[in-house]
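First chain A sits with chain B, and in the next complex the same chain sits with chain C.
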Partner chain A sequence: MKITYPHMGNACIAIEAMLQKLKLEVIPPPPISKKTLEIGVKHCPEFACMPLKITMGNFIEALDRGADTILMAGGWGPCRFGYYAQVERDILSDLGYSFEMVILEAPDSRVSELFRQLQALGQNVSIWEAFKALKFAWHKLQVVEELEKKISYVHPRALDKRKAENIYDQALREIKETQDKEEIDQLGISCLASLDQLALRAEEPLRIGLVGEIYTVLEPMANFRIICCLGRLSVEVDNSIYISDWLNDHLLGGLVKKSHRRELVKCAGPYLNYFVGGHGLETVGSTVSYAHQNYDGVIQLGPLTCMPEIVAQSVLKRVSSEEGIPCMTLYFDEHAGAAGIQTRLEAFTDMLRRKKLAKAAMY
Partner chain B sequence: MSYYLGVDIGSVSSNFVLIDEKQQVQEKLYLRTEGNPVRAIKQGYKELLEKRQEELDIKGIGTTGSGRHLADIILGADVVKNEITAHAVAASWFYPEVRTIIEIGGQDSKIIILQDAVVSDFAMNTVCAAGTGSFLDQQASRLNMSIYDFGPTALKSKQAVRIAGRCGVFAESDMIHKQQMGYPLEDILMGLCEALVRNYLNNVGKGKKIEAPIIFQGGVAANAGLKIAFEKILQTPIMIPPYYDVMGAIGVAILAREYIEEHRCNTAFKGDSFIIEGQFNSSSFECKGCPNLCEVVCIKREQEILAYWGDRCQKWESSLGHKEVG
Partner chain C sequence: MKTVGMPRGLFYYYYYPWYKTFFNDLGARVILSSPTTRITIDQGINKAVDETCFPIKVYFGHVQELCQYDLDYLFVPRIVSIEARSYICPKFMGVPDMIRASFSSLPPLIDITIDLSRSQRSFKEELYKTGQLFSKSRRRIKAAEEHSSQELKYCQTIAAQGYTMAEAIDIWEGQELTSTWDSDLCIGVLGHGYSLYDQTISLDIIGRLRKMGCRVVLPEVLPGERVENEAATMPKRIFWTLGRKMVGSAFSMEKMPEIDGIIYVACFGCGPDSFIGEIIERKLKGKPYMMLVIDEHTGEGGLVTRLEAFCDMLRRRRRQKIEDNLPAYG
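Moving on to the complex of A and B:
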């Protein structure tokens, strides 16, 4: 069995680690490129959103490299994503590929169901080994996310931004290749140390919270590397969603760590009281929470035609005026309007900066 | 005399403005970019020199518009700014009380909301360019009329025809349908103006509180039909600034003046001979450094490489030293 999976930001680092510990031969899809999207666009319904098109491109590129099994996440609720694994299976079969598709669903009641799903996937592994595989992958993810948080602090402040980017990219590449827990910890520590040595500017950067649909927020190729662009504009970005949060809430049933989803739902309360699918409710809740934390602004991301984010966007208008936090929404599609995105980001950060100055001048 | 130069390189027009120390406009130039921004920048600067008939003492330069980085490379800018900030600065210089700016250019349209002369909210058109200058140009040429006659003809209308404005393609087919039904031209044109205003308010102005005083600027403000349509639908008088078509350039010239004053530095301006005499070339190649396969653009003057851009990792861009933008 040669297994593959879809890309989503740095998730591949953890997914690959887990699959290898389940004694599977992994054929990762090549990194997302223009070609990936081109293939996806060609074979997907036009009105579907970007995540379907990109993951479809991932699968085709991996199947062409010899993969014969696809691991995909399922889902539920009004967001179309839950249906994508089924649609992709049909489209790929119609294209003449022969393969097996394994869909990981959130366990209804007991987490042991998930271990059983993983055990069934692995080659002659015990439940204990399945548990250990998951634990190792989780550990790797923790190290990666610690680096993600560190770079989002250092990048906007660093005088030599390119050097910061290089240290971080290099560390991620090395962690991805390493299968030993101690070595991974060591790599994490040394990356944090090198980032700490960079010269930083004294002036405090603007702080912007990033909210929206998870795939678009986490996958840099789906959002024109917005976190990096903002870092280069000297803006500190706080990600409202991390992969570990999503896995914890959706696949592990809140087992591993305390979910802060309940808190976000509470924040959203005065504005939105209904699960609108996808991350719509979290988008509203996170925006309110950022306002409470005195962030300078919020940027909402979503794939074009994303229903949950459209609902959230219309609610954000009220949140923005009542909580006094500027919000901007960006939708992404296959069009390559990098210049348009850049202009909007520059204009938004410029606006926040001038507002901050005007406010400071008032006191 | 010393001046500050503001340059706005848009998709359709390239605008040049000279302001003096007191921020008074001394010269303005509105050219068509015609798909060749490098030529437009050179041409514009040359015409400016010819018009002034004097040695220009340039104290500072600002560039804006989608071609702002290119203009920076060729002219040497002190300030490179996005269009939103540039337009807001210019509008609040002429009208300190302004609350809403409607700006419609060649390819995009914006709404800017200000509070105490600071931008508090803005939006730009997203995926559709209906209602922008290039769409109006296209419709005028389809009707075999000059774009300059569009407004005056529309004003003759007594009863505007209802045209679907949700999308440029639908608007065009609806217009053709009304034309074949025999409606008079002026009523169709006025109907189109109203459709575009509705489209603008629903898409760009969606959910924004539009409060007076309202300024209408950008190349499309020349179209009197649109001004009337805005006033009719918003039920408020709309002001059009005297330099409505070059407001972005004025704004960025003001920003350049502020920057030079604040930093007490010399301009990065490259000088007449650098701009006029040399041959500028651009080429592009696919970087094979990683699977992103970025299309990198290279700008050269004679044999000298001036700039690279288009690479996501900035490997090429930063190879020549980096300049901060914002």
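Moving on to the complex of A and C:
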């Protein structure tokens, strides 16, 4: 069996680690490129949301490189994601690929079920080994996310931004290749140390909260590397979503870490009082919470036609005026262009800077 | 007498007789917005976020119209689910919140949550809460609820005779409609009721097809059980109620010899439709199939041309079939 999986930001680092510990041969999809998207667009329904198209491109590129098994997550609605795997399987079969599709889902968030699925997937692994595989992957993810948080602090403040980017990218590459826990920790520590040594500007950067549909937020190729662009504009970005949060809430039933979802639901309450699929409720809740923490602004990301984010966007108008926080929504599809996005980011951050100055002058 | 405003959009097309009977029986007057016009659409576009699907924009337009009246309540339910283990669509789950955020002065909203995905109990509680706005008597509320269900069933039997839900509602309200349409073709037409049966949204696709000599078969005439069984042939249960109904209806229609072709009317920007249209297209091998995607910019001319071309093609196929079946030395 040669297994592959869809890309989503740095998730590949953890997924690959887990699959290897399950003693599987892994054929990772090549990094997402323009070509990946083109392939996906060609074979997916025109009005499908972007994550479907990109992951479809991943699968085709991986199958063409010899993969014969696809690992995918499932779900039970209300949004399209719950039917992704089905649609993708049908399209790939019609294209003539022969492959197995393994769909991980935890019905009613039962973790035991997930373990069982993982064990069944592995090559002769005991339930203990399956557990260890998951634990190892989780550990790797923790280290990666610590670096993600650090870079989001350092990057906007660093005088030499390219250097900060290089240190970070290099560390991620090395962690990805490493299968030893101690070594991973060591790599993490030394990356943090090198980032700490960079010279920083004295001036406090603008602070923006990033909210929206999870895939678009986490996958740089789906959002024109917005976090990096903002960092280069000297804006500190707080990411409202991390992969571990998503895994924790959706697949692991909140088992491994304390979820702050409850808090967000409470924040969203006065504006959006119901789960609307995907990340809609979290988008609204996080925006309110950023307003409470005096952030300068919020940017909402989503694929075009994303239903939960459209609901959230409709509500954000009101959040923005009542909580006094500027919000901007960016939708992405295959026709979006990097230049257009860059212009909108610059205009938005300029506006925030002027606002911040005006506020400072008042006191 | 208390007045309840009701937008003529979304699930009006599936549930109006129920809603109206319920409020009337409790002594309230229902004020319905007028049929959709270009003005409704423009008002909706004005109020709703650009990226929203067409039917939600139109719904907003109806809300805007109702805002002009002096209403005691505006009825905009949050319809999460109308059956076990299914949903309508994420947007339906946020409708009251979107409306609250988009209109500055609104009458008090009756935004009860209709969620039958797990149990009937919470739904009954919600209904009771609503009923209490108009009557203190639990018995009266219960009676109103039962009566409403009967009226809805009655309206559904009218639709089962081949009327659209919009026509069935008119007949249920006491209007006389004729049902004789000359036809030489028979076409199955699928789509979400609130776009298909709204003559302005759908640019009256059904009326046009009838005028072109087609008998139109709609999902509401098919026995529900058969539709469910056909839909159940999908490897994974489709968790959108309307989507499942459309897939099941398409598969049923494929097996009905009298049906010449199938048209799916999808809304631009509709999430579920983007998948359902695709599923039907891939699985439907035995009959001509056309998917029409409509939005506020769809022009009449282009639509008519496509409908005519489709009908011409079906007629050609039909002639071909008859000729093929003629005995060789006739």
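We adopt the following convention: the second predicted complex is superposed on the first by the 359 of 363 C-alpha atoms of A that agree within 3 Å, B and C clash if a C-alpha of one lies under 4 Å from a C-alpha of the other, contacts with A are read in each partner's own complex, and residues count from 1 in each chain.
By definition in this document, a residue touches a chain if its C-beta (ideal position, glycine included) is under 8 Å from a C-beta of that chain, and two chains touch if they have at least 3 such contacts.
Since the model is a prediction, treat every value here as computed from it, not as a measurement.
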| item | value |
| --- | --- |
| Touched partner set for A:Gln86, first chain B, second chain C, both or neither | second |
| A:Lys317 touches, of chain B and chain C: first, second, both or neither? | both |
| Touching partner for A:Glu346 - first (chain B), second (chain C), both, neither | first |
| Contacts of A:Tyr363 with chain B and chain C, given as first, second, both or neither | neither |
| Chain touching more of chain A, residue-wise (chain B, chain C) | C |
| Which superposed partner A:Pro326 touches (first chain B, second chain C, both, neither) | first |
| Partner chain in contact with A:Phe275 - chain B first, chain C second, else both or neither | second |
| Chain B versus chain C as contact partner of A:Ser33, first or second or both or neither | first |
| Residues on chain A lying within both footprints (that of chain B and that of chain C) | 304, 314, 317, 331 |
| Residues on chain A engaged by chain C in the complex (per definition of touch) | 45-49, 76-80, 82-83, 86-87, 90-91, 94, 271-278, 280, 304-308, 310-319, 331 |
| Chain B-touching residues of chain A, taken from the complex the two chains share | 30-31, 33-35, 162, 165, 225, 233, 304, 314, 317, 326, 331, 333, 335, 339-340, 343-344, 346-351, 353-355, 358 |
| In the complex with chain A, residue positions of chain C that touch it | 48-49, 51-52, 78, 80, 85-91, 93-94, 96-98, 100-102, 113, 234-236, 238-240, 268-275, 277-279, 282, 293 |
| Chain A-facing residues of chain B, complex | 66, 81-85, 108, 116, 118-122, 124, 126-127, 207, 290-293, 312-314, 318, 322, 325-326 |
